[in-house]
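What follows is a set of structures for review.
Each of the next two complexes has chain A plus one more chain, namely chain B in the first and chain C in the second.
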Partner chain A sequence: MGLFDAIDVAGSGLTAERLRMDVTAENLANAQTTRAAGGGAYHRKQVVLQQAGGPAFSNVLSGALGGVRAVDAARGVEVGAIVEDASATRRVYDPGHPDADPQGYVEMPNVNPVTEMVDLIGASRSYEANVTAMQSAKQMFTKTLELLR
Partner chain B sequence: MIAAVDPSTLPAGAEWQVQGVPDLPPAEAAPTGPDAVTGGGEGFGTLLANEIGKLTELQTHAAQAGEALATGTATDPVSAVVAVEKAQLAMQLAGQIRTRGAEALSEIFRTQV
Partner chain C sequence: MSLFDSTQLALESALRGASMRQELLTNNLANANTPGYQRQDLDFHSALRAAQASGQDPTTIAFQATADPARTVRADGSGLDPDQEAATLAKNTLEYQALVQVMGARTTIMQIAMGVR
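Presenting the complex of A and B:
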(Lines of atoms letter the chains of each structure in order from A and count residues from 1; the text may use other names and numbers.)
(Lines give C-alpha, C1' and ligand atoms only; values in the text may rest on other atoms or scores of the structure.)
Protein backbone atom coordinates (compact mmCIF):
# COMPACT_ATOMS: atom_id res chain seq x y z
CA MET A 1 0.00 0.00 0.00
CA GLY A 2 1.45 3.29 -1.04
CA LEU A 3 0.84 6.62 0.59
CA PHE A 4 -1.64 7.82 -2.00
CA ASP A 5 -3.44 4.60 -2.96
CA ALA A 6 -6.78 5.84 -1.67
CA ILE A 7 -6.45 9.00 -3.76
CA ASP A 8 -5.58 6.93 -6.82
CA VAL A 9 -8.54 4.61 -6.29
CA ALA A 10 -10.97 7.49 -5.82
CA GLY A 11 -9.47 9.16 -8.89
CA SER A 12 -10.14 6.06 -10.97
CA GLY A 13 -13.73 6.16 -9.72
CA LEU A 14 -14.01 9.79 -10.79
CA THR A 15 -12.72 8.97 -14.27
CA ALA A 16 -15.11 6.02 -14.63
CA GLU A 17 -18.14 8.01 -13.47
CA ARG A 18 -17.27 10.84 -15.81
CA LEU A 19 -17.23 8.43 -18.73
CA ARG A 20 -20.52 6.97 -17.54
CA MET A 21 -21.98 10.45 -17.64
CA ASP A 22 -20.54 11.00 -21.14
CA VAL A 23 -22.25 7.84 -22.38
CA THR A 24 -25.55 8.81 -20.76
CA ALA A 25 -25.34 12.24 -22.35
CA GLU A 26 -24.75 10.61 -25.72
CA ASN A 27 -27.82 8.42 -25.19
CA LEU A 28 -29.93 11.46 -24.37
CA ALA A 29 -28.57 13.40 -27.33
CA ASN A 30 -29.32 10.53 -29.69
CA ALA A 31 -32.78 9.78 -28.31
CA GLN A 32 -34.34 10.63 -31.69
CA THR A 33 -31.52 9.54 -33.99
CA THR A 34 -32.67 7.30 -36.82
CA ARG A 35 -29.35 7.20 -38.63
CA ALA A 36 -26.70 5.75 -36.33
CA ALA A 37 -23.06 5.31 -37.35
CA GLY A 38 -23.63 1.61 -37.95
CA GLY A 39 -26.81 2.16 -39.93
CA GLY A 40 -30.37 1.92 -38.66
CA ALA A 41 -31.64 3.52 -35.48
CA TYR A 42 -29.33 4.46 -32.63
CA HIS A 43 -28.98 1.81 -29.93
CA ARG A 44 -28.66 2.81 -26.29
CA LYS A 45 -25.12 2.42 -24.95
CA GLN A 46 -24.19 1.15 -21.52
CA VAL A 47 -20.92 1.28 -19.56
CA VAL A 48 -19.60 -1.93 -18.03
CA LEU A 49 -17.37 -1.20 -15.05
CA GLN A 50 -14.78 -3.67 -13.83
CA GLN A 51 -12.16 -3.76 -11.10
CA ALA A 52 -8.94 -2.29 -12.42
CA GLY A 53 -6.02 -4.61 -13.02
CA GLY A 54 -8.23 -7.61 -13.48
CA PRO A 55 -6.90 -11.12 -13.82
CA ALA A 56 -3.74 -9.96 -15.54
CA PHE A 57 -0.89 -12.43 -15.65
CA SER A 58 1.41 -10.36 -13.44
CA ASN A 59 -1.25 -10.03 -10.72
CA VAL A 60 -2.01 -13.74 -10.70
CA LEU A 61 1.69 -14.58 -10.66
CA SER A 62 2.50 -12.24 -7.78
CA GLY A 63 -0.47 -13.66 -5.87
CA ALA A 64 0.69 -17.22 -6.48
CA LEU A 65 4.22 -16.35 -5.39
CA GLY A 66 2.95 -15.14 -2.03
CA GLY A 67 3.11 -11.44 -2.75
CA VAL A 68 0.17 -9.13 -2.41
CA ARG A 69 -2.88 -11.15 -3.40
CA ALA A 70 -4.71 -9.82 -6.39
CA VAL A 71 -7.93 -9.29 -4.47
CA ASP A 72 -6.13 -7.37 -1.73
CA ALA A 73 -4.35 -4.81 -3.84
CA ALA A 74 -6.22 -1.53 -4.09
CA ARG A 75 -6.42 -0.73 -7.77
CA GLY A 76 -9.71 1.04 -8.28
CA VAL A 77 -12.17 0.77 -11.11
CA GLU A 78 -11.94 1.01 -14.86
CA VAL A 79 -14.33 0.90 -17.78
CA GLY A 80 -14.27 -2.61 -19.15
CA ALA A 81 -16.46 -2.05 -22.17
CA ILE A 82 -19.16 0.12 -23.66
CA VAL A 83 -21.89 -2.22 -24.87
CA GLU A 84 -25.04 -1.59 -26.84
CA ASP A 85 -28.41 -2.29 -25.32
CA ALA A 86 -29.82 -5.14 -27.42
CA SER A 87 -33.46 -4.47 -26.54
CA ALA A 88 -35.87 -3.87 -29.39
CA THR A 89 -36.09 -0.45 -30.98
CA ARG A 90 -39.38 1.42 -31.05
CA ARG A 91 -41.47 1.47 -34.24
CA VAL A 92 -43.29 4.74 -34.65
CA TYR A 93 -45.86 5.40 -37.38
CA ASP A 94 -44.69 8.52 -39.21
CA PRO A 95 -45.17 8.22 -42.99
CA GLY A 96 -43.72 11.66 -43.64
CA HIS A 97 -40.34 10.75 -42.14
CA PRO A 98 -37.54 10.28 -44.69
CA ASP A 99 -36.49 7.02 -43.02
CA ALA A 100 -39.97 5.51 -42.94
CA ASP A 101 -40.37 2.04 -44.42
CA PRO A 102 -43.05 1.31 -47.10
CA GLN A 103 -45.63 0.69 -44.37
CA GLY A 104 -44.94 4.16 -42.92
CA TYR A 105 -43.17 3.02 -39.76
CA VAL A 106 -39.92 4.59 -38.55
CA GLU A 107 -37.44 2.69 -36.40
CA MET A 108 -36.67 4.89 -33.39
CA PRO A 109 -33.87 4.37 -30.80
CA ASN A 110 -34.51 2.23 -27.72
CA VAL A 111 -33.62 5.17 -25.48
CA ASN A 112 -35.95 5.91 -22.59
CA PRO A 113 -35.28 9.46 -21.37
CA VAL A 114 -36.49 8.59 -17.86
CA THR A 115 -33.96 5.75 -17.57
CA GLU A 116 -31.24 8.06 -18.84
CA MET A 117 -32.12 10.76 -16.31
CA VAL A 118 -31.95 8.21 -13.51
CA ASP A 119 -28.57 7.02 -14.81
CA LEU A 120 -27.43 10.63 -14.91
CA ILE A 121 -28.41 11.17 -11.29
CA GLY A 122 -26.72 7.90 -10.31
CA ALA A 123 -23.49 8.86 -12.05
CA SER A 124 -23.59 12.30 -10.45
CA ARG A 125 -24.08 10.90 -6.95
CA SER A 126 -21.36 8.27 -7.45
CA TYR A 127 -19.04 11.04 -8.56
CA GLU A 128 -19.81 12.99 -5.39
CA ALA A 129 -19.16 9.87 -3.30
CA ASN A 130 -15.76 9.43 -4.92
CA VAL A 131 -14.94 13.10 -4.35
CA THR A 132 -15.84 12.64 -0.68
CA ALA A 133 -13.63 9.55 -0.47
CA MET A 134 -10.73 11.50 -1.94
CA GLN A 135 -11.30 14.40 0.44
CA SER A 136 -11.36 12.01 3.40
CA ALA A 137 -8.11 10.37 2.30
CA LYS A 138 -6.52 13.79 1.99
CA GLN A 139 -7.82 14.88 5.38
CA MET A 140 -6.51 11.70 7.01
CA PHE A 141 -3.07 12.32 5.55
CA THR A 142 -3.11 15.96 6.65
CA LYS A 143 -4.27 15.02 10.15
CA THR A 144 -1.43 12.50 10.39
CA LEU A 145 1.01 15.22 9.44
CA GLU A 146 -0.42 17.44 12.17
CA LEU A 147 0.90 14.93 14.67
CA LEU A 148 4.36 16.22 13.86
CA ARG A 149 3.49 19.80 14.71
CA MET B 1 2.85 -4.63 15.29
CA ILE B 2 3.35 -5.93 18.79
CA ALA B 3 2.73 -9.63 19.07
CA ALA B 4 0.27 -10.56 21.78
CA VAL B 5 1.89 -12.35 24.71
CA ASP B 6 0.16 -15.44 25.96
CA PRO B 7 0.33 -15.21 29.79
CA SER B 8 0.33 -18.98 30.15
CA THR B 9 3.69 -19.25 28.45
CA LEU B 10 5.36 -16.93 30.93
CA PRO B 11 7.03 -18.29 34.08
CA ALA B 12 5.27 -17.47 37.35
CA GLY B 13 5.66 -13.85 38.36
CA ALA B 14 7.45 -12.97 35.20
CA GLU B 15 5.51 -9.77 34.84
CA TRP B 16 7.00 -8.50 38.09
CA GLN B 17 10.57 -9.15 37.11
CA VAL B 18 12.57 -6.27 35.76
CA GLN B 19 13.94 -7.18 32.43
CA GLY B 20 17.66 -6.65 32.08
CA VAL B 21 18.89 -4.24 29.54
CA PRO B 22 19.88 -6.27 26.51
CA ASP B 23 23.48 -6.24 25.56
CA LEU B 24 24.37 -3.66 23.02
CA PRO B 25 25.74 -4.97 19.78
CA PRO B 26 29.48 -4.79 19.62
CA ALA B 27 30.75 -1.53 18.29
CA GLU B 28 31.85 -1.80 14.73
CA ALA B 29 35.23 -0.69 13.60
CA ALA B 30 35.39 3.03 13.05
CA PRO B 31 34.76 3.87 9.42
CA THR B 32 37.81 4.94 7.57
CA GLY B 33 37.78 7.22 4.60
CA PRO B 34 34.87 9.02 2.95
CA ASP B 35 33.56 5.87 1.27
CA ALA B 36 32.55 4.42 4.59
CA VAL B 37 29.62 6.82 4.90
CA THR B 38 28.01 6.29 1.52
CA GLY B 39 29.06 2.67 1.07
CA GLY B 40 27.24 -0.19 2.66
CA GLY B 41 23.78 -0.08 1.07
CA GLU B 42 20.80 1.95 2.23
CA GLY B 43 22.06 4.74 4.42
CA PHE B 44 19.87 7.53 5.67
CA GLY B 45 21.32 9.81 3.03
CA THR B 46 20.38 7.41 0.24
CA LEU B 47 16.87 7.11 1.64
CA LEU B 48 16.51 10.88 1.84
CA ALA B 49 17.82 11.32 -1.69
CA ASN B 50 15.35 8.74 -3.00
CA GLU B 51 12.44 10.42 -1.27
CA ILE B 52 13.43 13.85 -2.55
CA GLY B 53 13.71 12.37 -6.03
CA LYS B 54 10.14 11.05 -5.75
CA LEU B 55 8.99 14.44 -4.48
CA THR B 56 10.57 16.14 -7.48
CA GLU B 57 8.90 13.63 -9.77
CA LEU B 58 5.48 14.31 -8.23
CA GLN B 59 6.00 18.07 -8.54
CA THR B 60 6.99 17.65 -12.19
CA HIS B 61 3.88 15.56 -12.87
CA ALA B 62 1.70 18.18 -11.21
CA ALA B 63 3.30 20.95 -13.23
CA GLN B 64 2.84 19.01 -16.47
CA ALA B 65 -0.80 18.29 -15.63
CA GLY B 66 -1.43 21.95 -14.88
CA GLU B 67 0.22 22.97 -18.12
CA ALA B 68 -1.87 20.45 -20.07
CA LEU B 69 -5.02 21.84 -18.45
CA ALA B 70 -4.02 25.40 -19.26
CA THR B 71 -3.13 24.68 -22.87
CA GLY B 72 -6.25 22.61 -23.43
CA THR B 73 -4.48 19.36 -24.29
CA ALA B 74 -5.66 17.56 -21.16
CA THR B 75 -8.35 14.98 -21.77
CA ASP B 76 -8.87 14.00 -18.14
CA PRO B 77 -9.09 16.75 -15.49
CA VAL B 78 -9.24 14.10 -12.77
CA SER B 79 -5.66 12.94 -13.33
CA ALA B 80 -4.48 16.55 -13.16
CA VAL B 81 -6.30 17.11 -9.87
CA VAL B 82 -4.92 13.86 -8.46
CA ALA B 83 -1.38 14.80 -9.51
CA VAL B 84 -1.67 18.23 -7.87
CA GLU B 85 -3.13 16.73 -4.68
CA LYS B 86 -0.35 14.15 -4.45
CA ALA B 87 2.31 16.77 -5.02
CA GLN B 88 0.79 19.02 -2.36
CA LEU B 89 0.56 16.24 0.25
CA ALA B 90 4.08 14.98 -0.51
CA MET B 91 5.38 18.54 -0.18
CA GLN B 92 3.66 18.92 3.19
CA LEU B 93 5.21 15.65 4.35
CA ALA B 94 8.65 16.74 3.19
CA GLY B 95 8.19 20.10 4.89
CA GLN B 96 7.31 18.44 8.19
CA ILE B 97 10.31 16.13 7.93
CA ARG B 98 12.54 19.12 7.21
CA THR B 99 11.14 20.96 10.22
CA ARG B 100 11.77 18.00 12.49
CA GLY B 101 15.28 17.55 11.11
CA ALA B 102 16.08 21.23 11.64
CA GLU B 103 14.71 21.04 15.19
CA ALA B 104 16.88 18.01 15.95
CA LEU B 105 19.94 19.77 14.57
CA SER B 106 19.34 22.92 16.60
CA GLU B 107 18.77 20.72 19.66
CA ILE B 108 22.22 19.25 19.12
CA PHE B 109 23.70 22.73 18.75
CA ARG B 110 22.17 23.74 22.09
CA THR B 111 23.92 20.86 23.87
CA GLN B 112 25.86 22.05 26.94
CA VAL B 113 29.55 21.29 26.79
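Presenting the complex of A and C:
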Protein backbone atom coordinates (compact mmCIF):
# COMPACT_ATOMS: atom_id res chain seq x y z
CA MET A 1 0.00 0.00 0.00
CA GLY A 2 1.25 3.42 -0.81
CA LEU A 3 0.40 6.64 -2.51
CA PHE A 4 1.34 5.31 -5.92
CA ASP A 5 -1.35 2.65 -5.46
CA ALA A 6 -3.95 5.41 -5.19
CA ILE A 7 -2.73 6.73 -8.54
CA ASP A 8 -2.97 3.21 -10.04
CA VAL A 9 -6.51 2.81 -8.72
CA ALA A 10 -7.58 6.14 -10.22
CA GLY A 11 -5.87 5.04 -13.45
CA SER A 12 -7.95 1.87 -13.56
CA GLY A 13 -11.05 4.08 -13.21
CA LEU A 14 -9.87 6.22 -16.13
CA THR A 15 -9.36 3.14 -18.32
CA ALA A 16 -12.79 1.73 -17.45
CA GLU A 17 -14.64 5.01 -18.02
CA ARG A 18 -12.82 5.62 -21.30
CA LEU A 19 -13.88 2.19 -22.56
CA ARG A 20 -17.44 2.92 -21.43
CA MET A 21 -17.31 6.11 -23.47
CA ASP A 22 -15.92 4.22 -26.49
CA VAL A 23 -18.74 1.68 -26.34
CA THR A 24 -21.38 4.39 -25.96
CA ALA A 25 -19.92 6.23 -28.94
CA GLU A 26 -20.04 2.98 -30.93
CA ASN A 27 -23.72 2.60 -30.05
CA LEU A 28 -24.44 6.14 -31.20
CA ALA A 29 -22.47 5.67 -34.42
CA ASN A 30 -24.43 2.48 -35.17
CA ALA A 31 -27.84 3.89 -34.29
CA GLN A 32 -29.02 3.32 -37.88
CA THR A 33 -26.98 0.22 -38.77
CA THR A 34 -29.15 -2.54 -40.22
CA ARG A 35 -26.29 -4.86 -41.12
CA ALA A 36 -24.34 -5.78 -37.98
CA ALA A 37 -21.32 -8.10 -37.96
CA GLY A 38 -23.47 -11.03 -36.80
CA GLY A 39 -26.21 -10.33 -39.34
CA GLY A 40 -29.43 -8.41 -38.72
CA ALA A 41 -29.74 -5.05 -37.02
CA TYR A 42 -27.08 -3.77 -34.64
CA HIS A 43 -27.71 -4.44 -30.95
CA ARG A 44 -26.55 -1.84 -28.45
CA LYS A 45 -23.63 -2.85 -26.28
CA GLN A 46 -23.20 -2.32 -22.57
CA VAL A 47 -20.09 -2.34 -20.40
CA VAL A 48 -20.25 -4.31 -17.15
CA LEU A 49 -17.86 -2.93 -14.57
CA GLN A 50 -16.56 -4.97 -11.66
CA GLN A 51 -14.20 -4.52 -8.75
CA ALA A 52 -10.67 -5.42 -9.85
CA GLY A 53 -8.76 -8.30 -8.29
CA GLY A 54 -10.32 -11.24 -6.52
CA PRO A 55 -10.55 -11.57 -2.76
CA ALA A 56 -7.20 -12.12 -1.00
CA PHE A 57 -6.54 -15.71 0.09
CA SER A 58 -5.69 -14.77 3.69
CA ASN A 59 -8.95 -12.85 4.05
CA VAL A 60 -11.05 -15.75 2.72
CA LEU A 61 -9.21 -18.19 5.03
CA SER A 62 -9.73 -16.11 8.15
CA GLY A 63 -13.40 -15.74 7.22
CA ALA A 64 -13.78 -19.51 6.67
CA LEU A 65 -12.09 -20.28 9.99
CA GLY A 66 -14.69 -18.22 11.79
CA GLY A 67 -12.53 -15.17 12.26
CA VAL A 68 -13.23 -11.65 11.11
CA ARG A 69 -13.33 -11.42 7.31
CA ALA A 70 -11.09 -8.45 6.54
CA VAL A 71 -11.85 -6.11 3.66
CA ASP A 72 -9.83 -6.89 0.54
CA ALA A 73 -7.20 -4.45 -0.62
CA ALA A 74 -8.31 -1.76 -3.03
CA ARG A 75 -7.25 -2.60 -6.58
CA GLY A 76 -9.57 -0.36 -8.53
CA VAL A 77 -12.11 -1.22 -11.18
CA GLU A 78 -12.01 -3.28 -14.35
CA VAL A 79 -14.29 -4.07 -17.26
CA GLY A 80 -15.85 -7.46 -16.58
CA ALA A 81 -17.56 -7.88 -19.92
CA ILE A 82 -19.10 -6.07 -22.84
CA VAL A 83 -22.60 -7.50 -23.28
CA GLU A 84 -25.24 -6.97 -25.92
CA ASP A 85 -28.55 -5.46 -24.90
CA ALA A 86 -31.10 -8.21 -25.67
CA SER A 87 -34.08 -5.87 -25.75
CA ALA A 88 -36.23 -5.92 -28.90
CA THR A 89 -35.13 -4.03 -31.99
CA ARG A 90 -37.37 -1.37 -33.50
CA ARG A 91 -39.43 -2.10 -36.63
CA VAL A 92 -39.72 0.86 -38.95
CA TYR A 93 -41.94 1.00 -42.07
CA ASP A 94 -39.67 1.93 -44.97
CA PRO A 95 -40.45 -0.12 -48.13
CA GLY A 96 -37.71 1.62 -50.13
CA HIS A 97 -34.98 0.39 -47.80
CA PRO A 98 -32.77 -2.40 -49.25
CA ASP A 99 -33.13 -4.42 -46.00
CA ALA A 100 -36.91 -4.14 -45.81
CA ASP A 101 -38.87 -7.41 -45.39
CA PRO A 102 -41.73 -8.33 -47.82
CA GLN A 103 -44.17 -6.31 -45.66
CA GLY A 104 -41.97 -3.22 -46.04
CA TYR A 105 -40.65 -3.15 -42.45
CA VAL A 106 -36.98 -2.63 -41.62
CA GLU A 107 -35.42 -3.97 -38.43
CA MET A 108 -33.60 -1.05 -36.80
CA PRO A 109 -31.11 -1.16 -33.86
CA ASN A 110 -32.40 -0.97 -30.28
CA VAL A 111 -30.30 2.15 -29.74
CA ASN A 112 -32.00 5.09 -28.06
CA PRO A 113 -29.86 8.20 -28.66
CA VAL A 114 -31.15 9.85 -25.48
CA THR A 115 -30.03 6.89 -23.32
CA GLU A 116 -26.65 6.93 -25.04
CA MET A 117 -26.20 10.66 -24.47
CA VAL A 118 -27.00 10.24 -20.76
CA ASP A 119 -24.49 7.35 -20.54
CA LEU A 120 -21.92 9.50 -22.34
CA ILE A 121 -22.33 12.33 -19.84
CA GLY A 122 -22.21 9.84 -16.96
CA ALA A 123 -18.96 8.31 -18.22
CA SER A 124 -17.48 11.76 -18.81
CA ARG A 125 -18.30 12.93 -15.27
CA SER A 126 -16.94 9.72 -13.75
CA TYR A 127 -13.76 10.19 -15.78
CA GLU A 128 -13.39 13.71 -14.36
CA ALA A 129 -13.94 12.40 -10.82
CA ASN A 130 -11.11 9.92 -11.32
CA VAL A 131 -8.83 12.64 -12.70
CA THR A 132 -9.54 14.72 -9.58
CA ALA A 133 -8.73 11.75 -7.35
CA MET A 134 -5.48 11.23 -9.22
CA GLN A 135 -4.54 14.90 -8.87
CA SER A 136 -5.24 14.75 -5.13
CA ALA A 137 -2.94 11.75 -4.73
CA LYS A 138 -0.27 13.53 -6.76
CA GLN A 139 -0.57 16.65 -4.61
CA MET A 140 -0.18 14.56 -1.48
CA PHE A 141 2.92 12.90 -2.82
CA THR A 142 4.44 16.22 -3.87
CA LYS A 143 3.84 17.59 -0.37
CA THR A 144 5.57 14.58 1.16
CA LEU A 145 8.54 15.03 -1.15
CA GLU A 146 8.81 18.65 0.01
CA LEU A 147 9.65 17.30 3.46
CA LEU A 148 12.99 16.20 2.07
CA ARG A 149 13.99 19.64 0.91
CA MET B 1 13.68 10.69 26.17
CA SER B 2 14.19 9.52 22.64
CA LEU B 3 14.73 11.82 19.70
CA PHE B 4 11.26 11.12 18.37
CA ASP B 5 8.57 11.79 20.96
CA SER B 6 5.05 10.36 21.00
CA THR B 7 3.67 13.28 18.97
CA GLN B 8 6.09 12.53 16.15
CA LEU B 9 5.19 8.84 16.24
CA ALA B 10 1.46 9.66 16.27
CA LEU B 11 1.99 11.99 13.31
CA GLU B 12 3.74 9.24 11.36
CA SER B 13 0.90 6.86 12.15
CA ALA B 14 -1.75 9.42 11.15
CA LEU B 15 0.07 9.96 7.84
CA ARG B 16 0.05 6.23 7.22
CA GLY B 17 -3.67 6.09 8.00
CA ALA B 18 -4.48 9.08 5.81
CA SER B 19 -2.61 7.63 2.82
CA MET B 20 -4.38 4.28 3.26
CA ARG B 21 -7.70 6.10 3.47
CA GLN B 22 -6.84 8.06 0.33
CA GLU B 23 -6.39 4.81 -1.55
CA LEU B 24 -9.71 3.43 -0.33
CA LEU B 25 -11.57 6.62 -1.23
CA THR B 26 -9.95 6.64 -4.68
CA ASN B 27 -11.04 3.03 -5.09
CA ASN B 28 -14.61 4.00 -4.14
CA LEU B 29 -14.62 6.72 -6.76
CA ALA B 30 -13.18 4.36 -9.41
CA ASN B 31 -16.02 1.93 -8.64
CA ALA B 32 -18.69 4.63 -8.88
CA ASN B 33 -20.39 2.72 -11.71
CA THR B 34 -19.86 -0.82 -10.42
CA PRO B 35 -23.22 -2.43 -9.61
CA GLY B 36 -23.53 -3.78 -6.07
CA TYR B 37 -20.29 -2.15 -4.90
CA GLN B 38 -20.09 -1.35 -1.19
CA ARG B 39 -17.96 1.62 -0.25
CA GLN B 40 -14.92 1.11 1.97
CA ASP B 41 -13.52 3.50 4.48
CA LEU B 42 -10.90 3.68 7.19
CA ASP B 43 -11.51 5.42 10.52
CA PHE B 44 -7.87 6.02 11.45
CA HIS B 45 -8.81 8.78 13.91
CA SER B 46 -10.62 6.34 16.20
CA ALA B 47 -7.84 3.74 15.92
CA LEU B 48 -5.26 6.38 16.83
CA ARG B 49 -7.35 7.69 19.72
CA ALA B 50 -7.86 4.18 21.07
CA ALA B 51 -4.13 3.46 20.83
CA GLN B 52 -3.26 6.67 22.65
CA ALA B 53 -5.82 5.96 25.38
CA SER B 54 -4.44 2.46 25.99
CA GLY B 55 -0.84 3.60 25.77
CA GLN B 56 -0.09 1.48 22.68
CA ASP B 57 2.79 2.50 20.44
CA PRO B 58 1.04 4.36 17.60
CA THR B 59 3.43 2.97 14.98
CA THR B 60 2.21 -0.58 15.69
CA ILE B 61 -1.45 0.12 14.87
CA ALA B 62 -2.76 -2.16 12.14
CA PHE B 63 -5.34 -0.06 10.33
CA GLN B 64 -8.35 -2.03 9.12
CA ALA B 65 -10.53 -0.95 6.25
CA THR B 66 -14.24 -1.43 6.81
CA ALA B 67 -16.97 -1.99 4.25
CA ASP B 68 -20.20 -0.08 4.58
CA PRO B 69 -22.84 -2.67 3.57
CA ALA B 70 -25.82 -1.12 5.33
CA ARG B 71 -26.11 1.84 3.04
CA THR B 72 -27.78 1.28 -0.29
CA VAL B 73 -28.72 4.46 -2.04
CA ARG B 74 -29.06 3.34 -5.64
CA ALA B 75 -31.20 0.95 -7.64
CA ASP B 76 -28.16 -1.07 -8.81
CA GLY B 77 -27.37 -2.06 -5.21
CA SER B 78 -24.42 0.28 -4.86
CA GLY B 79 -24.13 2.30 -1.68
CA LEU B 80 -22.02 5.00 -3.25
CA ASP B 81 -22.70 8.70 -3.60
CA PRO B 82 -19.96 10.09 -5.91
CA ASP B 83 -20.42 13.68 -4.69
CA GLN B 84 -20.01 12.71 -1.07
CA GLU B 85 -17.04 10.54 -2.01
CA ALA B 86 -15.31 13.41 -3.84
CA ALA B 87 -15.90 15.72 -0.87
CA THR B 88 -14.45 13.16 1.56
CA LEU B 89 -11.49 12.68 -0.76
CA ALA B 90 -10.80 16.44 -0.84
CA LYS B 91 -11.07 16.58 2.95
CA ASN B 92 -8.65 13.69 3.37
CA THR B 93 -6.16 15.28 0.96
CA LEU B 94 -6.19 18.52 2.96
CA GLU B 95 -5.83 16.62 6.20
CA TYR B 96 -2.84 14.73 4.85
CA GLN B 97 -1.24 17.96 3.69
CA ALA B 98 -1.83 19.52 7.11
CA LEU B 99 -0.14 16.55 8.75
CA VAL B 100 2.84 16.85 6.40
CA GLN B 101 3.04 20.57 7.17
CA VAL B 102 3.16 19.93 10.92
CA MET B 103 5.75 17.25 10.42
CA GLY B 104 7.87 19.61 8.31
CA ALA B 105 7.65 22.31 10.98
CA ARG B 106 8.76 19.86 13.68
CA THR B 107 11.67 18.71 11.53
CA THR B 108 12.73 22.33 11.05
CA ILE B 109 12.63 22.92 14.84
CA MET B 110 14.81 19.88 15.38
CA GLN B 111 17.24 20.98 12.68
CA ILE B 112 17.52 24.42 14.33
CA ALA B 113 18.18 22.77 17.69
CA MET B 114 20.92 20.69 16.12
CA GLY B 115 22.40 23.75 14.47
CA VAL B 116 21.96 22.35 10.96
CA ARG B 117 20.05 25.44 9.86
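Here is the rule we use: the second predicted complex is superposed on the first by the 130 of 149 C-alpha atoms of A that agree within 3 Å, B and C clash if a C-alpha of one lies under 4 Å from a C-alpha of the other, contacts with A are read in each partner's own complex, and residues count from 1 in each chain.
Heads up, the rule we're going with is that a contact is a pair of C-beta atoms (placed from the backbone, for glycine too) under 8 Å apart; a residue touches a chain by one contact, two chains touch by 3 or more.
This structure is a prediction, so every number in the text was calculated from the model and none was measured.
Residue contacts after overlaying the shared chain place A:87 against neither chain B nor chain C.
Judged by the touch definition given at the top, the superposed model places A:6 against chain C, while chain B stays out of reach. Once the two complexes are laid over each other on the shared chain, residue contacts for A:18 go to chain B alone; chain C is not touched. When the shared chain is aligned, chain C comes close enough to touch A:139, but chain B does not. Looking at the shared chain after the overlay, A:32 reaches neither chain B nor chain C. Of the two partners chain B and chain C, it is C that touches the larger number of chain A residues.
Residue contacts after overlaying the shared chain place A:76 against chain C, while chain B stays out of touching range.
Once the two complexes are overlaid on chain A, the chain A residues touched by chain B in the first and by chain C in the second are 3, 134.
Contact residues of chain B toward chain A in the complex are 76, 78-79, 81-82, 85-86, 89-90, 92-93, 96, 99-100. Looking at the complex, you find that chain C touches chain A at residues 19-20, 22-27, 29-35, 37, 40, 64-67, 82, 85-86, 89-90, 92-93, 96-97, 100-101, 103-104, 107. Residues 3-4, 7-8, 11, 14-15, 18, 134, 138, 141-142, 145, 148-149 of chain A are the ones touching chain B in the complex. Every residue of chain A that touches chain C in the complex is listed here, in rising order: 1-3, 5-6, 9-10, 12-13, 16-17, 20, 48-51, 70-71, 74-77, 122-123, 125-126, 129-130, 132-134, 136-137, 139-140, 143-144, 146-147.
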